[in-house]
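Below are two complexes that have chain A in common, paired first with chain B and then with chain C.
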Partner chain A sequence: MIGPAALFIGVFVLIPMALTIWLSFQDWSTQTPFGTARFVGLRNYHDIFSQLSVGRDFKAALRNTALYTALSVALLLPLSVLLGLLVHQRTVPGGQVLRTILFASYMVPMIAVALVWSKLFAPTEGPLNQILGWAGIGPQPWLSSPTTALYALVLLNVWQQIGYFTVLAVAGLTQIPAPLYEAARIDGAGPVQAFFGVTLPLLRRTLLFSTVISIINAVQVFEPVALITQGGPAGSTNVLTYHIRRVGIERSDGGLGSAMAVTLMLALIVAVTAIFALYRRGDRA
Partner chain B sequence: MKIRKALPALVLSCAASALAAQSVEVSYLTHWSPETVALLEAAATRYSADNPDVAITVRAVPFGDLLTTIRSGAGADAPTISGIYDLWLPELVRDGLTAPAPDAVSAEVLAAWPAGIAAAAQVGGTVYGIPNEVNVYALNYNKALFAEAGIAGPPATWDEFLAAAEALTDASKGQQGFGLINSWAAGVVHPFASFLASNGGALITDGVPTLDSPQAGEAFGLYETLVSSGWSVPAMGTADANTTGPFLDNFVSGKTGMIVMANWWESALKAGMGDAFQNIGTAPIPVGPSGEMASSISYTWQTVVSAGASPEEQAAAWDFLQWLNGEGTGENGASAMSDILMSMGILPSRTSDVAAHADVLGRDFLSGYVSVLANARAFPVVLGGQEFSEALQQTLEALEYGQMTAAEAQASIQADAVSILERAAQ
Partner chain C sequence: MTRQPRIVRALLVSLIVALAVMSAFPFLWMVLSSFKTAEESMRTPPVWIPAAASLESYGAVSDVIQAGRSLLNSAIIATLTTAGILVTSIMAGFAFAKYRFRGRDTLFGLMIAAMFLPPIVTLIPLFRMVSEMGLNGSLAGVILPNLANAFGIFLMRQFIAGVPDDLIDAARVDGASELRVVFSVVAPAVLPAIAALALFAFVYHWNTYLWPLTVLQGASEDYPIVLSLGRLLSYNRGAMNTPLVMAGATLAVLPPLVMFVFLQRFFVDSMVSAAVKG
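Showing the complex of A and B:
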């Protein structure tokens, strides 16, 4: 009975991937039939890593995506564990309500999130700067400066995704047998020692899953960029998915866009493989 | 009893007639606001009253999504009619997405529109669209802020312009002298191209980038001076996907003294400023040290018909467009399209429409634009133009945010422009 599944995967996964890889070696306008594609060898790959503007833009988008992803993961994982520890305590009043509120942010459509956050970040009348003002901190440029715009988008991403990853962390925490904490307590372990000696090691599988999913989500970031910053200012939020859309659809350069997509896919495969390798090495240690 | 038996047949017959009557469906894609879309729909309803076999639906998307929507919907599902920015036309034609205009439409475009505007609707001598709006860039300034700063009138030269920018800047009040726009390619590139034109230079001459000219060097230097002196604050100039955002907010709230923008944003200014709109004046772009007279750049919009539409749909679409842009379909002998454009403060381009709206075009805000139109140069429409615009946008934004010097920006964009246009021509 593996046949239908294999057919499904072949049609909807492997063929599009193979087609993208094939197109990455062609000069092809996305608005013309595949038959018009002209083989150009490695030229597209050469161009996206060259000093031409197309190469500089691609490399900058790659760096922006890597930074956005690294920061998102670095904030999401510890925060989700911290919030998970808080809300999974059944004895804490309002834990259920808190879980619901946290997860609600994940369900809000991105268009609504983008509208609200672009106003929150507004440099003059934005509430965030007003709150900072009460604390004696001067107004921040948020989305209006190339030095802060990407970080502002990371904040938005963390806000939206934290509920989902907290739910994952809570699911992981509920799998940890209570007697282990009891044994740790009898051995004289305090809450901090129990966290590092029991909770964290037994959350490793959950954290592995969360890491991989948060990386994939972050690499695929598109809507907030398209809706709020348009890749600016000065290209500081031009991430790869948005850039590929610009090149592949707006400029209809399908060959170049495909080469970028393949490079992004390879980078993602390398990153995820490295994470699994680290996890396995940790298991053996 | 007879009536009871005949009723279903009558209903079926009416339904069949209605279906037959509206046998061609034409969709129209635009980036206009809901209020303007309502005017277009009203015009379409008037057309359909005389042409019951054609049903017209209008769909609007934000400007930032317009080209993507046209490209990603290519084929049978594409909108029958799309409003496009002239810079996009060569590549849409190259990719076979737009249909050439029928002979009658082509002849009318060549006869009824000024030659320069009709040229922007052609590729290789073939007409592909019907021009509608023409936009030109001019200096908008806040008269109240000018009076407060003791400045008698709008600057006529770059020296006067810089002096005014300095006088209008008050960092303690969060007020900048001149507003630069970022995060929106046309909003960045067109004002720069206008300053360059008023300094006797051009972005592209005969298909070759000329950003290495001394005139361009002076224009990059002007931007560097504005930013390094604090008379322009880049963080106050961000635009969003709807071509609004902080750059507009800062101007309408009196935090920006001057800005270079096109006539189409009159409606946005009115909406944002209310009665204070009367404080806004329009003047020619100040003349640079190498320029001889005030100049600017202009660009047009036009409506094109999808090559993927059926012959019947194409015929209906061209007929509707010819009607919409035709003489006498609007008020006082103007076209229906020009009435819609004028509701937004946009200049119509058909010669007869300019004459029909002469009184309205004479009002304060618009007359400033009309006066600079004669000396304006058309923004270059070339293959690779969109990529070139985006590259120039990146370079100018890097200059504005201090990531490049004026000299580095000039050298970098000239090299990029040469490479982009060469690749596009291959």
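Showing the complex of A and C:
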């Protein structure tokens, strides 16, 4: 029964995973069979953290990805709770319609989203700067300046993913027993106190899950970079998924690319472990 | 709930409307722009509503890329991958839910860990493996590595665990083989979950970009629509091609969007159950 699934996951996930780790210690061109790989010890790791251009590019990509991920999580989590409350509330109608519209953007190809947003961001003929102009805010360079391009990509990411995290927040909210709110009200808590005293603490499990998923989703950013910015301007949107593919597939430097992939995986494991540790410590407090 | 004052209700309604408009705006802009003429799309300040709905761009999309062929490729990739995922997930989900065997929890844990692995981590060796199988530049190379999926196994296990053992044992007593038990007794009992997984897998593999791009580089005959869209952008770079790009994006967005709107109950339920039970 498990055979077919175990075969496919074994061959196409677990073996490649092991190969990535093995290749990260080899000098190997992606154009040639695995047998041509030559053991070089830690040299690839040494190179990607060195002052050589290989190292500088990789460290910049690591920083860009960390910033992109941190900003995405910092915007998505609070927004998802806020929107979740709006979808969940029964005071006024419209919550379900809002959920449908928010979630729709999560269901469409990222590549189409990237194309559409590249036109929304267009400095003169795009609508975003026009709308900002109505509010008396000057035009922004968006994707065309190294100081703003990464933030523009974060905005795009938040727009596409917020529906998913809102749905998760709603799922968390529906699990909070109504008597708890009743008790809070009897104790004289207002809506704000009820939110911080009941809602937020009971959403912790949901928020833990959302944090982990939003991190894993954010490090996968690829389409808008590959298609629109190509890592630029001035390397400001060169993120890891794009950079690893460029080094390992396009430049065929499979050893270096694998060392970068392993570093990304280790960074993710550290981040996720730290988040779980924080969560547990919060549980005891 | 106590009745809220009018002003609170009015504020809530306006907030919901404003957020819905903001969220839908890129879609609206996409569709509106696809009907503009090239000249309209270049004006400053931007034209919001085109003077006449020009269908020119939809025709042009087919000239630049083989839109029909690309949509067909997308449908083939998404359908075959989904079929594979359904078969492997139902079988493995059943085993994890109903069999007791040594190492079961370890194996399940390993699969769950695989679920969280970003695809880029295994991309380089996977690319090489598929080329050595001679499948580079072919739809088979796109489809084969994705025929089993940890999320699918996880989802099926969660739902099949709720199927009563008596039902399964009764079928066994009647002499049904294990495969028969799975596909004619267990599967019908979890049909809504299977529908959810089918929709989720179809949309995911319709949308996915990184893997087809890597396997199909240059083999534009086999490009799914998401890859062909990239070629629209490099055609006539700049604001000139906006209606063309928007028409292409609309074509790529419509199938998953329509599926979602009509079947969203399934999607959302499966997402939620994955999170809540997880």
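In the analysis below, the second predicted complex is superposed on the first by the 271 of 285 C-alpha atoms of A that agree within 3 Å, B and C clash if a C-alpha of one lies under 4 Å from a C-alpha of the other, contacts with A are read in each partner's own complex, and residues count from 1 in each chain.
In the analysis below, a contact is a pair of C-beta atoms (placed from the backbone, for glycine too) under 8 Å apart; a residue touches a chain by one contact, two chains touch by 3 or more.
Quantities reported herein were computed from a predicted structural model and do not represent experimental measurements.
J.: Taking the superposition as given, does A:Ala261 touch the first partner, chain B, the second, chain C, both, or neither?
T.: Touch status of A:Ala261: second partner only.
J.: According to the stated criteria, A:Gly232 is in contact with first (chain B), second (chain C), both, or neither; which is it?
T.: first
J.: Touching A:Thr100, do we find chain B (first), chain C (second), both, or neither?
T.: It touches chain C, and chain B stays clear.
J.: State whether A:Pro4 touches chain B only (first), chain C only (second), both chains, or neither.
T.: A:Pro4 contacts chain C only, not chain B.
J.: In the overlaid three-chain picture, which partner chain does A:Ser145 touch, first (chain B) or second (chain C), both, or neither?
T.: A:Ser145 sits against chain B, while chain C stays out of touch.
J.: Check the residue A:Thr124 against both partner chains and state whether it touches chain B (first), chain C (second), both, or neither.
T.: Both chain B and chain C are touched by A:Thr124.
J.: Which partner, chain B or chain C, is in contact with more residues of chain A?
T.: Partner touching more chain A residues in the overlay: C.
J.: Report, in rising order, the residues of chain A that make contact with chain B in one complex and with chain C in the other.
T.: 30, 118, 122, 124-125, 226-228, 245, 249
J.: Contact residues on chain A for chain C in the complex?
T.: 1-9, 12-17, 19-20, 23, 30, 33-34, 83, 86, 89-92, 94-95, 97-105, 107-113, 115-120, 122, 124-127, 130, 159, 162-164, 167-168, 170-172, 175, 206, 209, 212, 216, 219-220, 222-223, 226-228, 240-241, 244-245, 248-249, 254, 257-258, 261-262, 264-265, 268, 272
J.: Considering the complex alone, what residue numbers of chain C touch chain A?
T.: 1, 4, 8-9, 12-13, 15-17, 19-20, 23-24, 26-27, 29-30, 33, 41-46, 48, 84, 87-89, 91-92, 94-96, 99, 107, 110-111, 114, 116-129, 132, 144-148, 150, 153, 178, 182, 203, 206-207, 209-210, 213-214, 225-226, 229-230, 232-233, 239, 242, 245-246, 248-249, 252-253, 256-257, 259-261, 264, 267-268, 271-272, 275-276, 278
J.: Note which residues of chain A are touching chain B in the complex, please.
T.: By the definition above, chain A touches chain B via 29-32, 52-54, 57, 118, 122-125, 141, 143-146, 226-235, 245-246, 249-252.
J.: Going by the contact rule at the top, pick out the chain B residues touching chain A in the complex.
T.: Residues 64-65, 67-68, 71-72, 74, 91, 94-97, 174, 182-184, 234-241, 245-246, 249-250, 253, 255, 386-387, 390-391, 394, 397-398, 400-401, 403, 416, 419-420.
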